[in-house]
Structures are given as C-alpha cells and as structure tokens.
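Got a structure for you, questions after.
Chain nomenclature is as follows: A, B, C, D and E, assigned in order of appearance, with residue numbering initiated at 1 for each chain independently.
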Amino acid sequence: MSQAPIAGRLAYRRSRHIREQIIEWLLLSSALVAVATTVGIVFILVKESLVFFGQVSIIDFLTDSQWTPLFSDPHFGIWVLLSGTLTSSAIALCVAIPVGTTLAIYLSEFASARVRETAKPILELLAGIPTIVFGYFALFFVTPLLKIIYPELPGFNLLSAGLVMGVMIVPYISSISEDAMRAVPMSLREGAYAMGATRLQVALNVVVPAAFSGLAAAYILGISRAVGETMIVAVAAGMQPNLTFNPTDQAATITAYIVQVAKGDLPHGSVGYQTIFAAGLTLFLLTLVFNLMGYFLRKRFREEY
Amino acid sequence: GQQSDSPTPGASPSAPTNTVIGIDGSSTVYPITEAIAEEFQLANQGKVKVTVGVSGTGGGFKKFCRGELDIANASRPIQKLEMDACAQAGVKYFELPVAYDALTVVVNPQNEFLSTITIEQLKQIWAPESQGTITRWNQIDPSWPDAEFKLYGAGSDSGTFDYFTEAVVGKAKASRGDYTASEDDNTLVQGVSQDLNALGYFGYAYFAENQAKLKALAVVPVAGGAGVLPSEETVINGSYTPLARPMFIYVSDKAAARAEVRQFLNFYFENIATLAAEVRYVPLPPEAYLTIKKHLDDNKMGTVFGGEPATAITIEELLRREASL
Amino acid sequence: MSVSEGLRATITRAKRNDLIFVGLGIAALLFAASTFVALFLDMVGDGMSRLNPGFFTEFASRRAERAGILAAWVGTFAVMIVTALVAVPIGVASGIYLEEYAPKNKMTALIEININNLAGVPSIVYGLLALGLFVHTFGLGASVQTAGLTLALLILPVVIVATREAIRAVPGSIREAAYALGATRWQMVSDHVLPYSMPGILTGVIIGLSRAIGETAPIVTIGAVTFIAFLPPAPVTSSPPFLNFDWLSSPFTAMPIQIFNWTSRPEEAFQANASAAALVLVVMTLLMNAIAIWLRYRLRRNLNW
Amino acid sequence: MNDEQKKPDPSTLEKKAAALALNFFYGQKQALKNINLPIYDRKVTALIGPSGCGKSTFLRCFNRMHDLYPGTRYEGQIRLYPDDVNLLDKAVDPIEVRMRLSMVFQKPNPFPKSIFENVAYGLRIRGEKRRSVLMDKVEEALKNAALWNEVKDRLDELATTLSGGQQQRLCIARSLASEPELLLFDEPTSALDPIATASIEELIHQLREKITILIVTHNMQQAARVSDFTAYMYLGDLIEFGWTDDVFFRPKEKQTEDYITGRFG
Amino acid sequence: MNDEQKKPDPSTLEKKAAALALNFFYGQKQALKNINLPIYDRKVTALIGPSGCGKSTFLRCFNRMHDLYPGTRYEGQIRLYPDDVNLLDKAVDPIEVRMRLSMVFQKPNPFPKSIFENVAYGLRIRGEKRRSVLMDKVEEALKNAALWNEVKDRLDELATTLSGGQQQRLCIARSLASEPELLLFDEPTSALDPIATASIEELIHQLREKITILIVTHNMQQAARVSDFTAYMYLGDLIEFGWTDDVFFRPKEKQTEDYITGRFG
C-alpha cells in the first residue's frame, strides 16, 4: 500500500484525533472506578481480616461449631453464622424463585399488555421498599400470623425473616426473568404454536429454555440479595448464633452480626471487633462465588436465537 | 484558631455561630445526651449546634481517640485498648459519670411463681456451663415448674452484656450462648411479653415504658437478703446492687477548652437531674454532680477505673473513686 | 374437526394445564400485591396519626409527639444529590465505554465480571469499605459526602447496567447512519446514542436512587449521627462566591437511620413515629418509581425505530 | 412449469382447502380483501406479490396464527377438505387446526433444545412418550427433510449449532414429523444462501408427492421453479391465480405481467 | 438501458473511483476476492447478485464502514479520483472519507430527531452553526430529494412520524445535504412499498445528473431501470461488469445469464 503523504482533504485531523483519544481515556477511567471499588473492598476486608487471622487460626474459623467471639470463652466458628445465612436465604429462595418465575411466565406469556404494564411497576415498587420496613413487617406482622398456625414458633425465627425476604426478592427475580423471556423472539414461540402447542407448553418448552441465561442471572441476583440482606434478619431472625438449619429456630446471620457489632460497644481494634471484617470477607467471597457461577452460566448459555 | 485541632465536620473557624459539638457513642447513654442536646439548642436558639450519634461505646471511643469527637457517650469505663489509642493520639479526657441505669431482670407478667430472684440463681441460669444442661425452671428451684425457660438478653457486643455477665456470673463476657440476643431492646421486650417462660434483662427505661407487658423481679444481692426492685430510690441508696451501673460522658481536653463546650457542659450538669429522670434513668445525687463538675473545673483528667471493667459500683463507691482523682 | 379422540383428550388436558397455570400466575400476583397492601396498611394504621405538617418541619426530639423528620429528609435529600452527582456521570461513562468503546479483550471481560459481581455485593460490605476508606483513610467523617459516595458506589452497577441496556437498545442502523455522515465516535455517542438512551438511563438512575434511599446498613456502619437539630449549610450563599460546599462535610441523619432509631426507643409513642417515617420513605420511593415509569413512558414515545 | 404436458383443468382436481370471501383485519387496517383461492391437494401453490401485499397474512390465517395477537379479525371462511369445516370458525380449536396444518417460517427458528427434541416436539405434545416410536418418527422426518445423513451422529447436540440451511431443513423435519396435511411455507429460503436454497427447493419437489404445500416467496424465479399453481396478490387483493406457467407466461392481468417483468409501480 | 443510443466506450469516461485487486476479510472468512471495478463519474452503477455474494460488503468498503468492527481486513485499493488516493490507506482518515462518500441504507434509519435536524446533521458535525446557512442547505437537500413539498410545513416534527418512503427520501436528503461526491445505496428500496420504491427510483434518475451513484439491489428489474452500468457478483467474485443493457441482454458469462433469467443455483 502506498505510504505516500495523503492529500490534505483525506489526512487525519490531529486535533480531532486527540480530542477523541482524551474522551476515550476519560470514559475508560470511569469504567475503572468499578474495578477500584472491588479492589478497595478486597483491600479493606483482607487487611483487617489479616489482623484477625493473626490471632485466630483459620482452621478454627472454618471448623469450630460455636460462634461466641465476644464471650470470655471465645469461639470463632463462622459456620454458625453461615448456617443462619444459608437457611434464611434458602427459605427466601424457596418463596422467591417459584413465585418470581411463575409471575414472570404469567406476565410475559399469559397476561394482556394492560395487566403486564400495570403489574410490573407495582412489583418494582415492592423492590423499592426500604428493607428495614420489611424487617418490622416480618417481626410484628408475619411472625404473629405464623404463630396462629404454629404456636410453638419463637418470636424470632428464620422462617418469617426468610419468607419476608423472599417476598422482597420476588420483584427482582420476576422483573429480570420477565425481561429475559420477553427478549425471546416471537419467531421461536410461533414455531411452537404452529405445531399446536398450548401457551404453557410454549412457555415451558421454548421460552424458558431460550431465556435460561437470563433466568440464571435473575436467580443469582436473587441469591446475592438474600445472602446479603441485613436489616430483615437483624430485626426478625433473632441474634442468637446457632448452628442450625431449622427454619423455626432463631439464628444470627453474617450480615446481622456485622451491623450489630458495627454499632455496639466493643473497643475498635479488639479481636471481637475485627471479626466483622473476617465475617465480611466470608460474605464477600460467598457472593463472589455465586456471581462468578452466574457469569459463567450466562456465558455458557448465552442465547443465540 | 480554637478549632484547628478539632476537625469536627461542619466546623467553620470564621463563623463561631456555626460551631458544632460532636458527640457520639453508646446507644444506652444516647437518650440522656439527646435530651440535653435538644434542650440546650432550644435554650441557645441554635447558636451552638450539637450532634449526637450512636456508633456504640466502642465506635464512639474510636472516633474520640482519633480526635474526631468532642464528647464520647460511654456505657462503660474506657478500656485499656482505648486508653492506649487516646494516649497515642495525645487525646486527654475528662471522665464524667452522668447517671445510673438499673439493669432490670424481667419475666412475663403472667409468671406467677417468680417475683424475687437471687444473684446466685441468676448466675446458675446465665453461666456458660449451664448451656445445654440447665434449661428448666425446676433445675434452679424445685418449687418452680417443670418447664423450659427462654432467655432474652443484650447482644454480646454491648456494654450491657459485659456489665451483666461481670455482675452476675462474675466474669465479664462469660455467658451461655443459647439465648435470644438483641441490640434492640424493644425486640427483647416483645419477646418476653409474648413468652410465658421468658426471663430477660435490659435497661430500666425499657421496663418502665412497658410495665404493662412485663414484670420486674426483685433481685436479692446476697444470699438471705431481701429482694430489691429497681427504682430511683433503690439505686440512689445503693440497695439495688450489683445491677445498677453508671454511665459516662468523656470530654476531650481540647474540647473542654472551648467556650461553647463549657457552656454545654454547664447546661448538662444543671439539667441532668430532671432530664435523666424524664428518660427513665437514675440521676446522681446533687452533691455527686458537684464533685464531678469540680473535676472539670480543676482540670482533673483521666479515668478512675484503670482500663478495667468494674461492677457493683454504687454511687457511694463511685464518689469515693472520683475523689481519688 | 377430525382429530382422533386420544389426541383430543391430550389437547384438553394440555389446555386444562394452561388454565391451572393462569390460576397460579394470578395467585402469585395477588400474593405479591397483597403483601404490599398489608405492609402499606400496617404502616398507615400505625403512623397516619403522626402525619401532620409539623412532622416534616420539626427536628427529632425525645418527646415523640414533638419529634419530626426535618433533619432526616433534608439529610436524605442532600445525600441523594451527592449520590446522583457521583454515580450518574461515572456510571453512564462506564456504560458508554463498555458498550461503545471497549475492545473485546481480557480487561473488558474483567471489568464486566467485576461489575456483575459488584451488583451482588451485600450493601453492608459497602458499609465496611466506606468505614475503612472514606471515614478512616480519607478522613471524610460520617458526613453527607461519605454517605453520598458510599451509596454512589452501591448503585454504580445499577446505573452501569441500565445504561448499557439502554444503549444496546439503540439500533446499530442509527450508529451506522451517523458514522456514514462522517461523525466521530464521540459525536455519534453524544449526538445520538446518549440522547436516545436517556429514558432507559434515567429509569436506571431513579431505580438505583430509590434503592439507595432506603439503605440502612451501610449508613449505620459508617456511623451517621442520629440526633441533629440543624440542617446542613445552604449550598448557595448571599455573598460571593455564592456557592458553599460546607454542606458536603456536614453531619447528617437520614430517613432509615431515623426510623431505625425510633423503633429502638422504649416509649411506645415512638413506634408511631417510626411507622409514619417509614410511610414517608415508602411514599418517597413510590414517587421516584412513579416518576421513572412516567419518564420511561413519556420519552419512549418518541423513539420508535 | 415442470409439469407442462399433463396440465388438466383445475376444476377437475381435488381440493385440500379453499379460502372463501376471506377478509382479514389488523385492528382497523384491512390486510386481505375478499380472497377466494383454492388450494389443490398434493400440489404446490405459490403466493407472490410485492412486499406488504398480504402474503404472510394470508398464509397465517390457515393455522390461525393471528389468534395469538389481540386486535386481529377474520371474516369469511377457509374450508379444509375432506372434512369440509371452516377453519376460522370460533368453535374450531386453533390448537387442533395447528396440529393438522404445519408452518415453516422465514427465519429458521429451531427450539433451544437438541436436534432430536426439536423433531420430536410435535409428537411429544401429542402425548407420545415411547422412545422407540419417537426415534422412528424422528428418523423418518429427518430423512424426508434430507437432513438425516448430516445429523444422525449428533442428534443430542443443540439445534442452534447447525448451519442456517440445516436449521431450516430441521424446521421442515419438525413440521413433517407430525404428518401434517398441509405445509405452509413463509419465504423459507429468504434467509439462506444459494446452496441451502437449492437444497430446500429440491426438498419441496420431493415433498409434493405426499403433501399439499402453500408457499410464500418474494423470489419469482423460485415460484416459477417450485410451484404448480401461482397466486399473485397486490395490496391485499388476489389479482390472479392459475397454473404457474400460465401466470408467468400468459398472465391475464396487465398488473401481473408488469410485476413479473419488473415494470410494476 | 434508458440511454441506449449514446453508449460510448467506457474507457473514454472519467472515473470517480476504482477498486483495484480488492480483497476483504471478515476474520478468516474472505468475503471479496480480487475485485477490480471502475466507478464512472456521474453514472449509476448497480451491483447485483444472489444474497450473501458480498454486495453490501463491497459497498461498505468505500466509506470504510468496516473499520467500525474489529477483525475485518482490507487488501488492495480503492482509489478515489480526482485526488487519486487509496481510500483504504491507513494514513487516510476514515472520518474524512465518510464526509465525502455518503451512504443510504436498506432500512430507512432517520434519527429520532426533527426532520430539520436530521438533514442538518451532516453540516452540524462539519461545524456549521449559522441557522440561516443550515436552513438554506436543508431546503436545498430536501428539494433535491423530492421531499420538500411534503415536509416544508413540518420541519420540526419528528422524522420517525414520516412514512417509510418519506423516511428513505429523508435519509437521502440527509446524505445530499453535505454534498457528497459519491452516493452509496445499499438496497434502498427493499423495505419500501411499490409506490415509495418508484419515487426513490425517480429520484436516482434525477440525481445522476449531478452525482456519482453506486447502488446495491436484489431486484434485477430495478437494476435494469435505474443504472447505467451493472456489476454481477457471485460468492465474493466479480463475475461480469459492463453497460447495464449489455449485462442484461448480452451477458458474456453463462452464470450471469442464468442468474438473470432465474436459473441459477
């Protein structure tokens, strides 16, 4: 190719070129803020956790069956808090995934445009309610309600916290799933309808598999929300660190523990206080695992319509 | 200027009317300081601004010892770790007891068999060794029913927990773990009021506001003695022991040098007696306040507790210690 | 029609399943909606009596009947301004970078995984980050700016994702049209992609803000104050330079904190205050969501490619 | 046009279906105007006409596809023989109609399932569960669609991994598996390259031995190549219908001639 | 074919551009193979060929549209006259190229802005800010695109409220406003109805007085109607190029003839 100088009318305009470059760098640096945030989170959590693990063996942390870091006889078994977190999340997901998915399918495949356009915003409003409000709702409304059916239920329990958390997550799941389903092109549905499939058959056999990666994303976000939810469990699940997977028990979760200690009376820098960073790190890693799983699921099953 | 070393947020050296007195710390002390701050600002028509936070005693001291606060609310004396931090940052402080809280042991109002309990019995119930073994009323006293009890208490991150364990079990932070813990005392109230076999403890204010839903137990300090119910009188006369505990504010030396902080502290000690009672705490006798106030005037700084937790501090004992400063 | 009896029975069965599912869908919808209604009525019942003008114009007080939410709503408002001012430019710029500029390489993949992950990081972990970074390392204190920055980081992924989706909805043909006329990349973005994706971006921003507005855990963790009987300094002054940024470093309280504080008061009367404040907060989020829906509807009318 | 020699009078042929005074409306907009068109049994009928003239709309009336969208309205009849019922009758279940009349679309639209499951789908929703029956029918359909050799070793792979032409043949196999009486093709090759197009056209040639076909195409060469009858539509009207070579070489209407020779508009 | 009488030897004509040994690659896939094609000044050149043969790919080389997508690669030259530079040279700024060579797409793609702003956009990015100049040029361009009368009273309305044919003429006006030297049309009428198509063809007729035009079309009738020269492409190769009526009525290649008479594949 000729590298001869190009006639003026077609040569690069330097000023324009430089301006474009600068803009690109600015945009890139904005995108890096998100990376910096993660780095910041990891840095803070790891730095403070190192102090903690300097005094508590990581083996104990992972294997001890008691969590009494603030007692005179301290134990640091994170499993105790994890069990609470996992149980409440599992209850929440048992509500949120079926209800959310059913709703999404209903809105996307069955409901009329009118119903959909009315229902979606209302559901999104549910997602906008401050979680602390949900917390007191669980404690003062749902728990007494459950007690009518099951009088033995303690005043604080994972069950009502989990249920309310599930309701809170429903809109996240239904909204994202519904978007994913609506993105499935009509031509795919028509293919199935043309063979004589009913709406439900089309929904379950064609739309749901086609929207799989979107559904996975919705579920993963739901899990992250459940695992990371703080105020509902702090208020309604009781603060008793229990190694239990029984929904009718009361138990502490990682998040509830952190928020409580963060405003408690412990001297900062003490091992007891440092536990919140170790717990925070655990929580971060837990959600990281779920999110990475979601990412790869999405990548693997990216829709090619 | 007077502010340069006090980076209180919002402080603007050029405009003294914008001065802010930053207070933070214990949620237990909060209602008292809040009441004072409210009245003080009214009396001042907002010329001096006061903020009160609830970061917990630990969070308060953390900021206090970094020089970020003027006053720290504390539901326990300053501890060794925090004294070191303060010393390192060159923060000196006045330790000012402001009122008493009577930790109240409560049961469900429908509980017929309990109205008095001894410290010994409480210890039996709450000791770490009891976890999993002592779970029924009749294990404490055979005349009590054969039913499982449910325990409610302060979160292990709180000063209340530290104090109660020290006073009852004899060792701070020594407690059984299988009880419902909450930082939010209302949830404890809720729990005890709904549970026939509940026993719990929390600050007097929460009992006082919910007397219809709860029943306070008279506590027998030493075996064979008489039960004492918590009240202003029993705290002041020292008979409600060991569950009466003092609460403090800590004022940094630099803040104390500021006119508006002085003004605030003066207001504090003039009004504490009425306001503390209003928010259901037990004020100290007037002469006690005079002694304490005098530390401030005499520039007597430091703590009288040596960084150790302390219990069974009656007002008398407190004053004795204060005098030693 | 002549289809075999067996087939007709199969069809009938399939259609019955359809009906059953519609029932389930409606039940799920009613379930979600009735939770919302129950929650709302619960709050109205408890808090309505406190909703008088004074409630909005009074500061907090130890006397429940005198206490108001002036400092709380002003604080929330100030924090939201900072949050929006930080999150919107950075989030939109990141979204633009990722959609319009980023080459498909490892670094972009990393940024993407990272943003996906941040979207699922529990809010309390952001609180820990803010405590370590903004409060302690940068010494910003528990101020409006700290809370604003924290919540900005928290909603950054929401804004980025919404921006990207809105940008992706702009058809490639519009981009090619602009390029074909000789537009540079940035001209194409600023003249076309950005304006046309505004409805989507705005919706994302508002949804992000309505999430931020109800967040309790992170602000509790950074240690926002609770009693404050004055407002941050006004951002505009009567003397030159007419702008005043002191409000950024002013202490503040926010609606969720106020609610949290009131619910933990011993006096029964404060519970009504808490309900009333929660009601105000919910109505605030409802309004924001309503605005988002309205905007989305209004602005999208013009965009039918 | 390939059967020029044996070209009897259409009225002697057996009909598979017929549109009678068919009108169709999208909301207020009338897309089909009084269409009367016979579809002869085991013949290929091509629908041609400029874009937007209503070809797809007409085709989709046959399997009641429009029922899926609100605001659409049929008038008149489409009779299906030998039962002689009106497909558009409210009392007729569209699901039953669609089980008898299969449709292949412009863009290949395989389900996001395995190749096997795609072809078996029609049988499954008919309640067939026996693996061996399914297997046999799938094989037969894939053979009929001239795809068996290419996919027999990868029946469990995702259908979306096939090439465009293969996907379209898969969609045809999917339609064939449930043994429809009438196959509806809506521009089945417009998204395909010439080679894939040729293979689909070849397939249509073979299929017409057994099955009635109605095909929409925008490609006049294709219509000429594959069909026995051609219908020319314009702006919702049926302008001309007849043997394909008559329509192409001896059009009765000036309009048809203009379109076919490229002078319309 | 309208200019049959005055048909000089092409080599005597002035060239506006020329592809020289042009190869083009999408990643590994070669989409254009050694294309040599002159584009004569102020003539209409039509590109025809079956779907996927590389017509659009070729057209988009001229204004460096492929630069926007990663993994594409040019080889060879496209020379632009009278400057006589290689448009594909790395040292050539694609922005400058696009400012001189304008493109109109298959589907009308007006910006969702006012009619006025659509047409003025090319001038705006050239830095023109004076309202009066913009107004004049917009009017001129709309007149040249035969749209002025229809829109002169509604210049502030959204362009998307126009009908399809009007939108496409608006896109042409948008291209014309910045006075390009070469207009590239990629199937500009394939999304339009016959009436709108006719109006665009009429417009092309008028424009060729002033401007060089390269048009891709899948409609052979259209190529025959509007172009002076026709190039027939097949699977990335340029098979035949010449005066339109020669290519249509006296094709040199068997392949071209087959395609034009509908017998390919």
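Operating definition for what follows: contacts are C-beta pairs under 8 Å (C-beta built on N, C-alpha and C of every residue); 3 or more make two chains touch, one makes a residue touch a chain.
All of these numbers come straight from a predicted model, not from anything done at the bench.
*Asks:* Touching both chain A and chain E, which chains are there?
*Replies:* Chains that touch both chain A and chain E, as defined above, are C, D.
*Asks:* Could you find the chain whose CA centre sits the greatest distance from that of chain E?
*Replies:* Between chain E and every other chain, the largest centroid distance is to B.
*Asks:* Please work out which of C-D and A-C is bridged by more C-beta pairs in contact, and write that pair.
*Replies:* Pair with the higher count of C-beta contacts: A-C.
*Asks:* With chain centres set to the mean of the C-alpha atoms, which chain is at the far end from chain C?
*Replies:* Using the mean of the C-alpha atoms as each chain's centre, the farthest one from chain C is D.
*Asks:* As a quick test, compute the distance in whole Å between the mean CA positions of chain A and chain B.
*Replies:* 38
*Asks:* When the C-alpha atoms of chain B and chain E are each averaged to a single point, how far apart are the two points in Å?
*Replies:* Spacing between the chain centres: roughly 84 Å.
*Asks:* Using mean CA coordinates as chain centres, what's the chain C-chain E distance in Å?
*Replies:* That gives a centre separation of 47 Å.
*Asks:* Two or more other chains touching the same residue: where does that happen in chain B?
*Replies:* 27, 54-55, 59, 183-184
*Asks:* Name the residues of chain D that each touch 2 or more other chains.
*Replies:* Chain D, residues with two or more chain partners: 95-96, 99, 125-126.
*Asks:* Pull out every residue in chain C that's touching 2 or more other chains.
*Replies:* Only 11, 14-15, 184, 223, 263 qualify.
*Asks:* Which chains are in touch, pair by pair?
*Replies:* Applying the touch criterion to every chain pair yields A-B, A-C, A-D, A-E, B-C, C-D, C-E, D-E.
*Asks:* Residues of chain A touching chain C in their complex?
*Replies:* Residues 16, 19-20, 23-24, 26-28, 30-35, 37-38, 40-41, 44-45, 47-48, 99, 102-103, 105-107, 110-111, 119, 121-134, 136-137, 140-141, 167, 170-171, 174, 196-201, 203, 220-221, 223-225, 227-231, 255, 258-259, 262-263, 276-277, 280, 283-284, 287-288, 290-292, 294-295 of chain A touch chain C in their complex.
*Asks:* Of all residues in chain D, which touch chain E in the complex?
*Replies:* By the definition above, chain D touches chain E via 50-52, 190, 192-195, 197-198, 201, 220-221, 224-225, 261-265.
*Asks:* For the complex, give me every residue of chain A touching chain D.
*Replies:* Going through chain A, the ones touching chain D are 112-113, 185, 187-198, 201, 205-206, 209-210, 212, 303-305.
*Asks:* Under the touch definition given earlier, write down the residues of chain B that touch chain C in their complex.
*Replies:* 7, 9-10, 12, 18, 20, 22, 24, 27, 30-31, 33-35, 37-38, 41, 46, 49-55, 59, 63, 68, 183-186, 189, 203, 205-206, 208-210, 278-280
*Asks:* Please name which positions on chain C make contact with chain D in the complex.
*Replies:* Counting only chain C, the residues touching chain D are 1-3, 6-8, 10-11, 14-15.
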